[in-house]
Amino acid sequence: MINLEKIRNKNLPLTKNGHVASYIPALARVKADQLGIVIYDLDSNQLQSVGQSQVRFAIESISKVITLLYAIKQRGFEEVNSRVNTRQSGFAFNSILNLEIEHEKKPLNPFINAGAIMTTSLIKPQDNLTPFEQILAFAQEICHDPELSLDEEIFYSEDETGDVDRSLAYYLKAHMMIQDNVTDSLRTYFKQCSMKVTATSLANLGAVLANDGIKPWDNERIISSQAATFVKSLMMTTGLYNESGVYSARMGLPTKSGVGGGLMSAAPHKCGIGVFSPPLDKDGNSVAGLSVLNELSDELNLDIFK
Amino acid sequence: MINLEKIRNKNLPLTKNGHVASYIPALARVKADQLGIVIYDLDSNQLQSVGQSQVRFAIESISKVITLLYAIKQRGFEEVNSRVNTRQSGFAFNSILNLEIEHEKKPLNPFINAGAIMTTSLIKPQDNLTPFEQILAFAQEICHDPELSLDEEIFYSEDETGDVDRSLAYYLKAHMMIQDNVTDSLRTYFKQCSMKVTATSLANLGAVLANDGIKPWDNERIISSQAATFVKSLMMTTGLYNESGVYSARMGLPTKSGVGGGLMSAAPHKCGIGVFSPPLDKDGNSVAGLSVLNELSDELNLDIFK
Amino acid sequence: MINLEKIRNKNLPLTKNGHVASYIPALARVKADQLGIVIYDLDSNQLQSVGQSQVRFAIESISKVITLLYAIKQRGFEEVNSRVNTRQSGFAFNSILNLEIEHEKKPLNPFINAGAIMTTSLIKPQDNLTPFEQILAFAQEICHDPELSLDEEIFYSEDETGDVDRSLAYYLKAHMMIQDNVTDSLRTYFKQCSMKVTATSLANLGAVLANDGIKPWDNERIISSQAATFVKSLMMTTGLYNESGVYSARMGLPTKSGVGGGLMSAAPHKCGIGVFSPPLDKDGNSVAGLSVLNELSDELNLDIFK
Amino acid sequence: MINLEKIRNKNLPLTKNGHVASYIPALARVKADQLGIVIYDLDSNQLQSVGQSQVRFAIESISKVITLLYAIKQRGFEEVNSRVNTRQSGFAFNSILNLEIEHEKKPLNPFINAGAIMTTSLIKPQDNLTPFEQILAFAQEICHDPELSLDEEIFYSEDETGDVDRSLAYYLKAHMMIQDNVTDSLRTYFKQCSMKVTATSLANLGAVLANDGIKPWDNERIISSQAATFVKSLMMTTGLYNESGVYSARMGLPTKSGVGGGLMSAAPHKCGIGVFSPPLDKDGNSVAGLSVLNELSDELNLDIFK
């Protein structure tokens, strides 16, 4: 068994090298020197954790994984694939450049903001549940976290400051990529980003993806094998935004980050990993978190290209 | 053992759906209805082949893998990494957009033309051998193909028509990314693209990569484990140009293509694959070849995200 | 005196070479074979007109001239200049590329949509009048056209289909260029585009600009000399969108176009010109209208570079 | 008569606000605190000058005006117009972005480097004279300056450091815009930029343009009226690169700048102006020179939009 305490001690000082997200108050006031690490090992079917493993924080962009999985579940693989591409953008997560320069007919992938809003817009009301209510229920189940819930203050702030996302959404609408009501989709999108999770919830999510779509804690399939494989590929090629290629070459571990300081990885057939450490590098990824993942990839031999 | 004959028969008609590269005469006159498939299985340490497995064709962009591996061998991993990035470009293989828009200090990756020329420029004369002589010798060894050689006619044509590459090279020079003589580097680059290989050579190359850098035919290490891992990651994220993300999600198999109709894949610890079929899709990838790889990935369970 | 009838007869057939704007019903059903030409000659202080000189049509982008002049009047030259630039964009009127690629802090000019929305947003409620009420009153006065009014149906359609403009406006808001309520500014902007004018109103507007800001019909100054000069320069460098440089070189006549089929020119100290002819070329400029202006520039020696 | 001495004294201190071009030694060692102003008044047919009016300096980009005029003379207006556009680029003078993003078939205008190299490439050997020999002879005549000659050291340096221009030229060649030998055209281009002129030569050139193509000193036509008009329009819309729109709105005076510190203006029917002052602003235009032109435009009422 790996010595997580040692890895945590070594990497905790790195929290000084980044900056906590500050575009909204609820993120800005998060304590910086936190580092929580949780590994869900599929072999032993056990969780191993250290540090702030139960502290709740905003899921932010990691919610894009959940919404994508749920959209595939509700609308089917083909439908989702026909509406959003799986290419890299070459630009920042909130850029419109590539869409306009290349006259794209689909957002480039579900993890840049344009593609994520698109994906969210695909989810329809069902069984008297709004899209967000469905996403929340699905998130609770796939993260094995019944406490996972919406933080109203964060949602309010995300909505208040989300003008770039509104700009992207109206661009999609103008070019017929989104047909539905943009305001509703944005509301759902801002809500999904405002769910509060723990490093443990993320390790559970990673474990489902690593376990081919089957929840290891009850051995029930929650998503198709195809969806689990597809999403792991996307996490590798675009999960860390514009730096995805860099980390693919460095640690070879499908990973998705969020500006709340979370990181979620899935090492096929081996383990799911959740990390929480708020200070971010200039690309919006957790500094200490990425360093931890790098070490775990080396020590546990998780690089899938190796 | 997989029935390659059946797969070939099923996919041969797809050669009608693409167009043989026509920008130079030597490529334009290649017979279209060819399909050669070779698998180097690491378990049995055996080659299995069907169709045009011994027909020679121009290696073109697949040479970028060889040059990158050789540059790492000669100059070291750190030096190469400090001069060329591992990110996706979001644009065509011969585009300069991303470099200029983002004011990049390094070409985005070694498989777009700018990055490939950069990589080639890193190789220095050594032991009285020119850079190209070294590349050729290394290619013969890593492809287990002593007949692998330069096609002078193709080289002449590549040089004759290579104005976009010249434009990229002078851009790199102007921005201090290349310090050396541009004309020499371009000459070496055009030569490396003009080497003639077979689907068998490519299967051998793939097998070395799949085998962690050790030639399976003689059990000797030719490249470091780190280099083999690094290059497989790059093949996944940028090996099929702008469509890399699409194929990563579809077949999860590290692959590099060339406009000569070749495809080379490396499935870690499982096998190397070489395919040859000249007609290309609009992105410059072999139509029948990609379809064959897709099937092989499914049937042999090669998707590394699965 | 110039023979306008002859010029009209010669150019009327050109209405067959373009397409009436069709993105909203009220524009799509406008009769194509119309051509109205009006010249306000400053020497004789007389209007000369031919054809559909009194037919009302949507002012569309020509309203940007009016709003810019009014913003300068209300907020001052310095304030307006500090918020919107006077450069060319190199892209289409509704593109965001240049803003994002160059990290611009100001929209490039007041005649591309981003800059026009920005300019409209500068106008504040005053004397119990909304921004649009002020713009309308100013438009009636500077066009010498008390009948000039809002077309509610067009406004409704512009609002309905204005998603690209919404996208641009939220981009400006997100980057702190617009501080105010975006919804209000967009509403005002869509209204200003939906005012109905005639070729005669436009000739009057052109005459004021040509006459250094003094209404020639009553000899009263309505805008400063500085504003009149400034706006004529902008009409020359960006008045015909991306084709401005082409027509500057061809006819040297400060001109602004609108997709309603209107064209308004101002030849300093000589005359104002209004043309109406609905069929547009691919850049959104009236085909017959531009041809008429070209001829008038030659025959009346209006090229200011000559 | 205007008091040039007073204007010079007022603006000379501005030479402290810029930086002399330093990319080549011959430019870097030019004395900074110089300001020469020359006006060729068409009314009086007299030159008025002050300061460094006879100091020789590198013409650099102002040569683009001369080459364009000569290309029109040799190849005809239609031919030149069919090969290079008259639009603004929205980017820096040495950018390729717009060409590639918009898939342009022609360089955007003759004053950005791509278009200037294109224009130079149109000039053919004639009467046993190389293109450059013809350009030089034409420059001597239109500038009324028989001493105007090539500076070999500057040419050598321009050639040595001209990799961005080489990159642009090969891009044009690759996209079939230039058909001829790129090396020859670049050589001619670097030479034309390396001619040495004085503020007086530039005032003479401006006077020919202002005088509709007729040399005012001997009353002989050297270029067509059409060419003179065309070039003045281009100087207005693109003569100061990306800042052209800004100065068009500010001073309304067709002007071309060079990084040697020269500025040449043509006020139709009024005067030609040459200014020399080496320190440049960040856009590569002479700081004191632009300020002088601004004042002259005001005091002599030269704004053509007024």
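Structural remarks
Order of writing sets the labels: A, B, C and D. Residues in every chain begin at 1.
Everything that follows uses one rule, which is that a residue touches a chain if its C-beta (ideal position, glycine included) is under 8 Å from a C-beta of that chain, and two chains touch if they have at least 3 such contacts.
Keep in mind that this is a model prediction, so the values were computed, not measured.
The set of chains touching chain C and also touching chain D is empty. Residue numbering shows that chain A and chain B use the same positions for more than half of their mutual interface. Chain centres here are C-alpha means, and the one lying farthest from chain B is C. Chain centres here are Cα averages; for chain A and chain C they lie 47 Å apart. If you average the Cα atoms of chain A and of chain B, the two centres end up 32 Å apart.
Remark: chain B and chain C have CA centroids separated by 54 Å (rounded to whole angstrom). Residues of chain C in contact with two or more other chains: 97, 101. Here chain B touches chain D in the complex through residues 95-97, 100-101, 163-164, 166-171, 173-174, 182, going by the rule given at the top. Those residues of chain C whose C-beta lies close enough to touch chain D in the complex are 85-91, 97-98, 101-102, 108-109, 212, 225, 229-230, 232-234, 236-238, 242-246, 248-249, 252, 254, 268, 303-306.
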